[in-house]
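The letters A, B, C and D name the chains in turn, as written, and every chain counts its residues from 1.
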Amino acid sequence: MYTDLVMDHFSNPRNVGEIEDADGVGQIGNPVCGDVMRISIDVDDDRIADVKFKTFGCGAAVATSSMVTEMVKGKTLAEAAEISNRAVADALGGLPPNKMHCSNLAADALHLAIQDYLVKAGREADVPQILKALPKDHAHSSH
Amino acid sequence: MYTDLVMDHFSNPRNVGEIEDADGVGQIGNPVCGDVMRISIDVDDDRIADVKFKTFGCGAAVATSSMVTEMVKGKTLAEAAEISNRAVADALGGLPPNKMHCSNLAADALHLAIQDYLVKAGREADVPQILKALPKDHAHSSH
Amino acid sequence: MTSVYFDHAATTPVDPRVLEQMLPFFCERYGNPSEVHRLGRDARTAVERARAQVAAGLGAGEKEIVFTAGGTEADNLALIGYLQRFEPGHFIISAIEHPAVMEAARALNRLGWAVDFIPVDGDGVIDVDAYEQAFRDDTKLASVMYANNVVGTIQPIAELARVAHEKGAAFHTDAVQGVGSVPIDVGALGVDMLTLSGHKLYGPKGIGALYVKRGTRLTPLIHGGGHERRLRSGTENVPGIVGLGAAVDLAQAQLAETRPRLEALRDRLARGVLESVPDVKYLGHPTERLPGNVAFTVRYIEGESMLLQLDAHGFMVSSGSACASGSLEPSHVILALGLGAEEAHGSLRLTLGRENTREEADAFIEVFPPIVDKLRQMSPLYVKG
Amino acid sequence: MTSVYFDHAATTPVDPRVLEQMLPFFCERYGNPSEVHRLGRDARTAVERARAQVAAGLGAGEKEIVFTAGGTEADNLALIGYLQRFEPGHFIISAIEHPAVMEAARALNRLGWAVDFIPVDGDGVIDVDAYEQAFRDDTKLASVMYANNVVGTIQPIAELARVAHEKGAAFHTDAVQGVGSVPIDVGALGVDMLTLSGHKLYGPKGIGALYVKRGTRLTPLIHGGGHERRLRSGTENVPGIVGLGAAVDLAQAQLAETRPRLEALRDRLARGVLESVPDVKYLGHPTERLPGNVAFTVRYIEGESMLLQLDAHGFMVSSGSACASGSLEPSHVILALGLGAEEAHGSLRLTLGRENTREEADAFIEVFPPIVDKLRQMSPLYVKG
């Protein structure tokens, strides 16, 4: 069902936690749907200097959260903004089809954290350039 | 499926054959239905002195034919007329349900042979007394 | 490494004594029971012997047992096979049925049948008043499961069947989780149809049976050579049928011993979990439940992640009912108990079986709290108390 | 005592190599493939591996294989599952289909579907002109069996499928008797659906599969947890599925060797019977027939009585198609060849398999003539020539 890499990220998740007084925080999902991801970032010189996550959810939700934090550490905001949910799943060697929709939102949470940072930093104007498409918090059609 | 007794009568059928110049002959069934039984009898002093059968049909058809010949040898005509298809099946320890209808007509063939004898002997008047109910050759509803 | 199987409601191993009885029917006694020659007759004898075993296990007559390819098919045959003989009207099921009944009901609904889903209370027991009031003039059938596969609650089937009959409807129960675990007698229950499945009672997968009370008429779902008194065509799965017969037989013989043992184990495990982990809620009825079922929900964390962590520690459990839909929806059963969706996502089901030991239960109680802790540390919903 | 099994069209033994692959899945690797823990994942892997094996055996894609509980169920799923998506219209089957297709067709007919039964010639080959002319504007499906179970005749499936598609209808073939005996490639045949069954190809009973070409949409007959891409709910029969995969695999590997060997044995046996018994008629096509099928009719005597006598001598054969209906009707297949009912009653079917030898064939030719003689002596229809 899950690739070894998913299981590794799930069993030994990287960057678990919450950055105190983070520069940006993004949260997506809702507990009714069974998946909530919160990502906090510190930004230094337009790069992601630190990133942590907390996730309520299934194995895929935890693994994608862990993976996205690994993928973006040290990246510029613009580079981080390019990372899609799909890219995270691919980096994990794929996810079961039924996990693609709801449990694979970690990149979206990251993008929300970047937006939060930009807004807090008074760079609201940069948002549309850096974040081409902002995630909507899914209405999770199935509910 | 078949009792041991059925198998015994089928494998070693008693009284196979045809009595030459028999006193009475009865035949029932038709090849389209898959069962034809012919019973011939010799009558002596109102008793069945000899009886033989020929049968085209399944194991049950052969066994019931063989059994009925054993049951009636030496019996009076009136006694023989009392023997029903059901009694023949019972004497064999029972037949599979689907064989009760078409393949269990040997007693009927015997009764037709008795009738044939009575008619040939000019005792037509005795028929209704001795043979309470004469078999109709079944229209075999299933065809 | 530890390997503890606490998922007997999903499926059981085949008991080696059952397999032993099945084995000759694969390569040696392989006849088709419809054939007249000796291998065919031998297979027929074996099938009918198994039918007698299953019948005996339920207090039924041999002619009242129809073999199917599993519990799901038997449930479908009961509902669809029974109702299709009528013009569309109305029928009743509980809100916590297995998908095998639930989806058969939906299929009937699409064919024009009205259906009422009767709610359950917080312990998972059907609301008998609501049930009674749901009957209409055109209600043809009520189907309520004997015991729930997720939370283990056992329903008052004899009473429900009596009500259905008073109202002029037939009654079916899905007893897949009950048969083999608790004594079941179709006469005492007064049901018209009852479903069981081999792989829940140490028999093989892919075989089940429907008890059909004499006089209850069904139309088949699968048409063909007229097997199983025309109710289920297809060459009989002889080894499977032999295995089901043997499994029912064995379960009967062991029930008196295993039932109290599992109940004690269940209660020990439940107590252990509740005492060692805060914010845990026990699910299902405290006493009217399956001997081997321990179900609970753990706040702030999600079921699958617990399950995977437990698996990594050698404990195999389930986060709800096993079904292949790949649905991420919280269990409809747990929602029906009145829990919120968030809580429902945190549910876990441990289902014990014959081979489980007290040591295994104690090992679970050791391993589980730190797993919950780890996951809670990771959860954005958890605020340290 | 002699024991010769000539009834492989009714069922085959499970090949010991197939059983060996199944065995671990009863008592050790017993997981439910829907479960997330390791035993569940292990079972899932095994099921998907078997699916790949079956797909490879047919030249199909893995997603095109739906496991069912046998050939009968797969036939029903093909016909009823396919047609139920439409408003009742028209479909076509041959006059010599197995009851699994025939009775499914009758059930559809009762639901308002019109059906045409296409006749066959004296060799059992479908009348292609009549077939072509039977299509109507509202014809949704044609179903013609790959090879007949009674007389062994193989149909021109690729041509029939092409015609159906030209007419805008889908095409199904019941290849239960073909798969494993002759090479079958769904792409070359151009069919939309194809049925196979485990116990006809040295796999287990109670398992089968339907090939469903990508894009062909069906509604399930059995509803529940959504297994088999929602087309067949119910916990997977894991050992059965593993056995089916292994059996298809093995059949593929052996086909090149067994096929010519069985054809030679078949022709030897047929020749031997025809030469040693008068008034015998060979049934089916002389060359376009299954490698192991020898079918004939013996005048003046009846099939079951031959069969029982042969059984007493250690030879297991069939007098027609095995079905549980207990019908005493002459085979509809043999009547469709144009034979009279009396002749049809005298039919016998010998179906050879991998383990049969030339010695066995020769022994049959020794034993058979005196049996015919004995029964003819007993027959009121036989007049010595």
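FYI, contacts are C-beta pairs under 8 Å (C-beta built on N, C-alpha and C of every residue); 3 or more make two chains touch, one makes a residue touch a chain.
Nothing here was measured: the structure is a model prediction, and the numbers come from that model.
In this assembly, the chain whose C-alpha centre lies farthest from chain D is A.
In terms of their C-alpha centroids, the spacing between chain C and chain D amounts to 34 Å.
With each centre defined as the average position of its C-alpha atoms, the distance from chain A to chain D rounds to 55 Å. If you average the CA atoms of chain A and of chain C, the two centres end up 40 Å from each other. Contact of a single residue of chain B with at least two other chains is seen at positions 59. Listed for chain D are residues 36, 304, 308, 326-327, each touching two or more other chains.
Taken chain by chain, the contacts fit none of the simple shapes, being neither an open path, a ring, a star, nor a full set of pairwise contacts. Chains that are in contact with each other form these pairs: A-C, A-D, B-C, B-D, C-D. In the complex of the two chains, the chain C residues touching chain A come out as 300-305, 308-309, 312, 326-330, 340-342, 345, 377-382. Residues 7, 10-11, 13, 16, 27, 31-38, 54-59, 61-62, 96-99, 102-103, 142-143 of chain A are the ones that touch chain C when the two sit in their complex. The touching residues of chain D, when paired with chain A in their complex, are 36, 41, 44.
Chain D contributes residues 5, 7, 10-16, 19, 22, 26-28, 30-40, 69-73, 75-76, 98-100, 102-104, 106-107, 197, 199, 204-207, 221-228, 230, 233-240, 304, 307-308, 310-311, 316-319, 321-327 to its touches with chain C in the complex.
Interface residues of chain A, counted against chain D in their complex, comprise 1, 59.
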